[in-house]
Each structure stands twice: as C-alpha cells, then as structure tokens.
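Chain IDs A, B and C follow the sequence of writing; residue 1 opens each chain.
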C-alpha cells in the first residue's frame, strides 16, 4: 500500500555509473539503474521480457543493457533492440523503463504512470550542493514498512525516549508543535525557548547554558520526504527568527522509499554551515546522526515485528499523533484515488 | 489450537527480577514479565496500546513499565498511567495484563479469560522446594507443537528406541501401562518387576542385578503438566509399594507451554532424595536427564518437520497410544467448548 | 506441477548402502533409500505411518527399517512387520514403497502409480560404464524449479552469454538447431561448421584453427533427461559424420529431478574417450564442466528469485524457444492427463 505517482528517492547520484548495473527494489518492483555514455541516468525493470531473468546479471554495452541469459539487448527506454539470431524485434518486446531524474546529488525515480512524471515536481532544496553548507549522505535499510518510518518523522514525542542520550530533550514530550496542513503535506514548527540543549547541540554548538531551539519541518506526502531547519541559539538572541550569529544550525533531509510491504530504503543527509574545514567534523556529525537514526530503526523494526506477529487490537491515538494521523489519512486517500483511476482504466 | 483457560508454566521464578523485562511468547501472544518493587510478579502484553511498539524495549520505572518509543507508562495491571504531554489518561488506554502467579520456584501464567483465573487451581507439588529433596531446573525450546511434546509424555513405548542408551529398557515396549482417566487428565502406572535397570538407574542407583521399577504419572490436561514418581529397587523389596529403603527414587515435572502453533517451551525438573551433599551430583543427574530429553526433542522436532512438510495420510494408532489419544480428544473437546463460549459472547 | 509417472534419477548407485538411510525429497515427498543385504536397493516414504516421525532417523536392521521413535519395523516394500508390544500387524500398516531401480551407476525412482512402473522403460545409455569411455559423476542442487532447468537444456541460445568464457561460441546464438519431435520428447541437432572452438574444446581438443562442431541431443520428457553427443573436429574431416579420428568427443547426461516446486536435483555426468590414463584429466574435465554448470545455476536461481518475487507480465517467446516451448506444452499435457486419471479414480 503506497502512492505510486510520486518521485521517490532511489539513491545517491554517485551510486550509478556506466560501469555497473545497480539493482534495487522499489514499491515491490525490481529495478536496475545505470548511467548512459552521455552521463544521463536510466532505470529499467530488472526482469527480461523474454524468460524473466534479471537484467542485473546482465552487461552494460554502451547505453544499452544486454541480458546475459539469452542475449536480448535493451536501450535506456527499455525497448528491446536486439534478439540474437533474429532480424526483427517486435515493438512490444521491451521491459518497463522508469523515469529517473538526477538532481544535485540525488536520484529520483517515478514508479507510477509515466505520463504523469514531471521532473519539475521534484523539490528544490539548496543545501544538497550549496557551497556555504557541507552535506553528508546517509542510508539505512529498514525491516519495516515505510509507514512506520514516516510516523516517526512526523512525531516529536519519541525524542526524549528513543533519543534520550543523543538528540532528545524532555521538552519535546511536553511541547505540542504547531502543525499546518499544506498542499504538499504538512508544515510543522517545534519551537522551545529556555530549554536545556540536547547532547547533540551541546557537542556541536558548545552550549553551556539554556538555549532557544527549533525544528521547522516540511513534510511532503508524495515521496515521504522530510526537509528540516533545525538549530539552537543562546537564549535571548531571537531563536530561529534572530540573526542566528551564535546559533548552531543544521539542515536535514529524510526520505522513506518503500522497498516491499515490510521493508524500506531510508535515505537521509544533513548539512551544516560551520566548521567546514575542521578535520574529522564531517565524520563526527555524521556518526552522531547515524547513531540517533539507528535508535529509531531499532525500535521501528521491533514495532514491525510485533505488528507482523498478528494481534487485532487497534492502535490508540494520543494528541502527539495529530500530524502522523493526518498524513496517514492523506496517503490512504491518494492511494484509493490511484486505485480508482487504475480500475476505471481497465 | 490450544486450551486458553489453564495455568501454564511461564518460567522459573529466578528468571524475573525488577532489573529487566523478560520477553517470551505464550499461545501466540507476546508477553513481558517482571518483578515489582514489593517482589510480586507481573505479566503484560508486549505491545504498547499506542503504536504497537514492544514494551520489552521499554524501561522498568519502579513498578511500572514505560514504553521507550513515545513514553506511555503502564502499571503492573496494564493500565496506562501516563501519556507524556497529556494530563488525562483514558481508562481504555491499557495493555492486557495476564495473571501471573509465583509458586515455589515456578511462574504460572493464565492466558485465558481473567475472570476464570484462580491461583488455587495451580497444582501442589512439594518436591520443588522440599528440604529432603534436591530439585534442579531445566528448559528446552522445541521447534514443534506442544501436542507432539505431550504425545511423548503420555507414551512409554518410545523409551527403548529414543532412549536406548539412557533411560529406556526393552520392557517399556512390551509392558502395557495401567491408565486411568481422571478429572484432571490421566493417571498412569507403568510397573515392571524383575527388569534389568536402565543405564540411568544403573548409574545413580548402583544396581547390579534385576530391579523392580516404577513410573507413576499424573498428567494434567490443563497446562500440559506431567508429575511423576519414578524409581527402582532391588527385586524382592516390594517395589514402589515397599519401604524403598534401597530404592533409587526421583520425582519429576515436565510441562509443555505452547509458544506458537509449531514451537513450544519445555520446562522440566527432577528431584532426588539421595546424595544431596555429593559434589557434582546435581550436575551429573541434570546432564543425564537433559541428554535423554534432547533425544526426545531431536525426534520430535524432526517429526514436526515431516508434518509441516505436508502429506495427507492419517496417523495410524497402536495400542500404546491409548493415553495420548484420550488426552488429544480431551484437548479437542475443551478447545471446542472454549470456542463456543467465545462465539456466544461475541 | 510435474509428471508423476516417470523414472527420475534419484542419485548415484554409490550413494546408497546397507550402512545408512539416505534421505532425499522427490516431487515434494520425503524418501529414504538404502541397500538391502542382498544388494538390492529400496526406497520408502520417509514418514512412519504411526506418528509421522521420519524413518531417516531410524535404524537399518538387516533388510528392514525400524522407526526409532516407537519401534515400528518396515520391510523393503514398506509393509510394517513389527509393532512392539503387539502380536498382530494390520495389513494396512505400511509406508509407501517406491520402485527404485539400480542400472549401471544410477538410481532411478518412480514416484507415480506403482502399477505403471516398468524398469525396462529406463533409457539405455552405454557411456555410464563402457570401458572405452571414462564417466565422471556430478550433482548440483538448484534453488529453482526443474522447469527452468530443462528450459536451459533445450536452448542453445544462452551459450554465448552464460558460457561466454567456457563452453559457448557466438555461432550458438545465430545457428538455429534442427529439432524433431519424437515419441519420447525431442531430438535436436546443433551443427556448426568452420566455427572457432569454444574455450572448452580448445583446452581439451587442442584445436588451434576452426572446427566443425556438433551437439546432438535426445531429450526425454519423462524424467527430464538429456543425453548428448558433443564434439568438435578439425574442419574438413566430416564433422560428426566423419571418422572422428582427430575429433574431441564427449557424451553427456543431464537430468532434473523435482525436489519441491522451487528446488531441484540436478544430476549430470560426462564421458570421454581420450586420455583415460592421463593423471588429473578426470578432475580437469569435471571441473571445467562444473564451472560451466554453475554458470547456468547462477542465472537460473536468479531467474527463479525474480519469478517468485511476483509480477504478472507474460514471458515473450523468441525463435530459439521452439524446443523448450514444445516440451513445456508436452509436460502440461501429460500432467493434465495424469490429473484427469487421478480425479476419475477418486
């Protein structure tokens, strides 16, 4: 159960090359990704139309992919262009080609109706390659549905518990963030003043006293994408609305791409605008974030195991669930509409 | 398929403490067990009522358990007593609490209708903590249905084959035990006179000649519990009805608690009234018994694999199956009645 | 989905002895095989008729097998001949016995209707034990349906791709083999003249120039059995129709026996008539062949994973599929007829 008509993050641009075929499953469908000779990226169904052998066991020949079972060759659109021993290739001999767009250092794939794929719908987010910021890339594989992952994105109340020793503070559990429904999903502002800094901000911001702290989110329902402005500043400097001169700031991206019904790809990254030249700081920031995100994954994968184990009791909502419940309903609505359109088209 | 309204052995009392949450699955339901500050024991559903995260990843806070996903806190009855950021906790916010009774060194759990749970129904068996006897505790995990395990309890005919070199003698295959149906299940007397002692009784009884040997059982259908008086004495001293002065005697407890349809918890223990102070004898007796019980598990897990592999041929009964077939029918009857009551209540 | 009334290769004769019970699953049914005291071979259902314990955990007692759970004893036909503690054994107490025939160094099993099993239907193939030829035995286990395996037998078009560096040459992809439908299945002749030799024939035939090359097959639908005359000779000597004096020749046997719907036993072997006394040549030829067959297995197991992963697109045929598609239809037809007969008999 997922939205099909959306740009999903498929990987980092550096992962695809013209040297190999990268195999990855999205929305239950096996896909290969590679880079053609002109540098453009391509994504094809990882299943030869002939006998369903995986093209990922195949060979890149220039811009084309040859299945290394019986030698059928496919161009980057998925059209078969050679059947060994035959002179004609029927037009319907093809594998599915998926729109794949490289933008900054990210790859975005469209698994839905190709006619609806418009790369200009992909979000603009400067911090991926802004020179004033240093961006580091991360990936975790989840043994859990993407839905449990985005529940977690949309919820601050877990921070004091899951991230007690890393990025959480008690105030997160007490503070009700301001949420605003938007056309793309949800805008969330979680602002705290006079709050003790988390371990994370103590470490990277060097704060000794109380801080004003902010997490300002945009969550995009299509693509399960979270973009965040996160920071802390000494009390009295205006917080996120101040000049942020003594602030410690991060920009963050998180995205859940469904792999199967119960497994997911989690791509994330964070940008900072300080200490760009400090030796080891890239790794230090990255490790701290990964450590916190592994805390999330640990509880979420366990949650999936409990859910997969059965049981019929409903989930009982709490006030902090407002954002995630809204987005869950939004997803249900969009999926139902997509299903209606597919049914009508058949 | 199992009886729900029964006290099942859940573990050894020493396994639960106020330091950690012990996670174990019974009758297909995930459970945590712990000890409150006053020393009493508690068992809760291992699934938070909020988002179904496992409480076993949570934290003991005094007598209460806090879910470490979003911080909901539950008292030992399962009632939610805190939702972070909220002032009121609705009464229906709770996880299921299971009656858990500590008696001597055992924990007994009731997975059925709580109204019917009466701790006075738990069997009295003095040998768990009688000073004249030394009891040692054992546990094996089965990759097999508890039904295959209790088949084995109720059957002596496997002893010469499965336990050829340990606790079996040929006479077990030829002797038809006396069985008597009781209100709790089955009383079984397997008495042999002038029989060569098994390797087990040779080793611990020191017998050189023939013995009179007895295994006198009570099998309790609710709880899949077997209690046994087992011994051997030199021929001519009256066997189990004699004074047992030169006898070698054991008392034994075995219980199968369903974990899932095809896996089980096997708790067992044995008491002896000799050599209580002999160095290493505890371990020696225990190892011998465990060795024999691993022989059972080996064939039963293999039997489960064959059964799970499919095949439609019926099992063909032999005379030695009388006891186990009776108990299988009893279980079917009780399960059907429980199902009727649940259906009627819905 | 498989033909039941067929002789399938069950193993190599050297695998069964009177010392142990060999357990193997064929057509979804667990089987044990052993050798009786007179040297004859026997195959029984690996599931005691009493409580479904596996006989493979049992004990050979002369010609009979004793179940080591409760001691029931079965003769080589599967008839129960002893129930411990009972004097009579009902005639219907038996496990299924499967016709098992040892012929040369192979074991052939019949999993279908016993009345139809005629050992004279087993193929005659002299190269298994002809003194002028050296035969070496091979086995690979497939994580794939036997159907994908025989697709591969019946198809030369994969040779230049799967076996690019071993036994393939480009001509295989371009050459359309001559196929002839026969009563037993298919006769296939793949003849190439003036062709560069494959790595395999270069190595073992010592060819430096072009060769005339042949692969002449008989594929037997019942048993999924391929028998091949394969060779190469210097150009101008008449190829397979010449005297073959300077030829390098092999005879080959390949057979797929279904284990489960998605796993298979692959028995194969190859005979050569040269260098019978050359040290290490047995191993050298064998390793080369196994290397090539592991290439097949690698792509076929991957193909099975893709197919098992779902997807509803049909397989699109190419001209080279003529033989395999014919045999697939033949199998469908025979399976449907067997099913009709079973339904009629019920």
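By our rule, a contact is a pair of C-beta atoms (placed from the backbone, for glycine too) under 8 Å apart; a residue touches a chain by one contact, two chains touch by 3 or more.
Please read these numbers as outputs of a predicted model, since none were measured by experiment.
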Quiz prompt | Same or different contact residues where chain C meets its copy chain B, judged by the half mark | solution = different
Quiz item: If chain A and chain B share one sequence, what is the angle of the rotation that overlays their CA atoms, in steps of 5 degrees?
Solution: 120
Exercise. Would you kindly tell me how far, in whole Å, the mean C-alpha position of chain C lies from that of chain B?
Key: 48
Quiz item: For chain A, what residues touch not just one other chain but two or more?
Solution: none
Quiz item: Mind pulling up the chain A residues that touch chain C in the complex?
Solution: 25, 28-30, 46-47, 49-54, 57, 66-72, 83-86, 90, 92-93
Quiz item: Which of the residues in chain A come into contact with chain B in the complex?
Solution: 151, 155, 157-158, 160-162, 164, 173-176, 298-299, 302-303, 305-307, 309-311, 313, 315-320
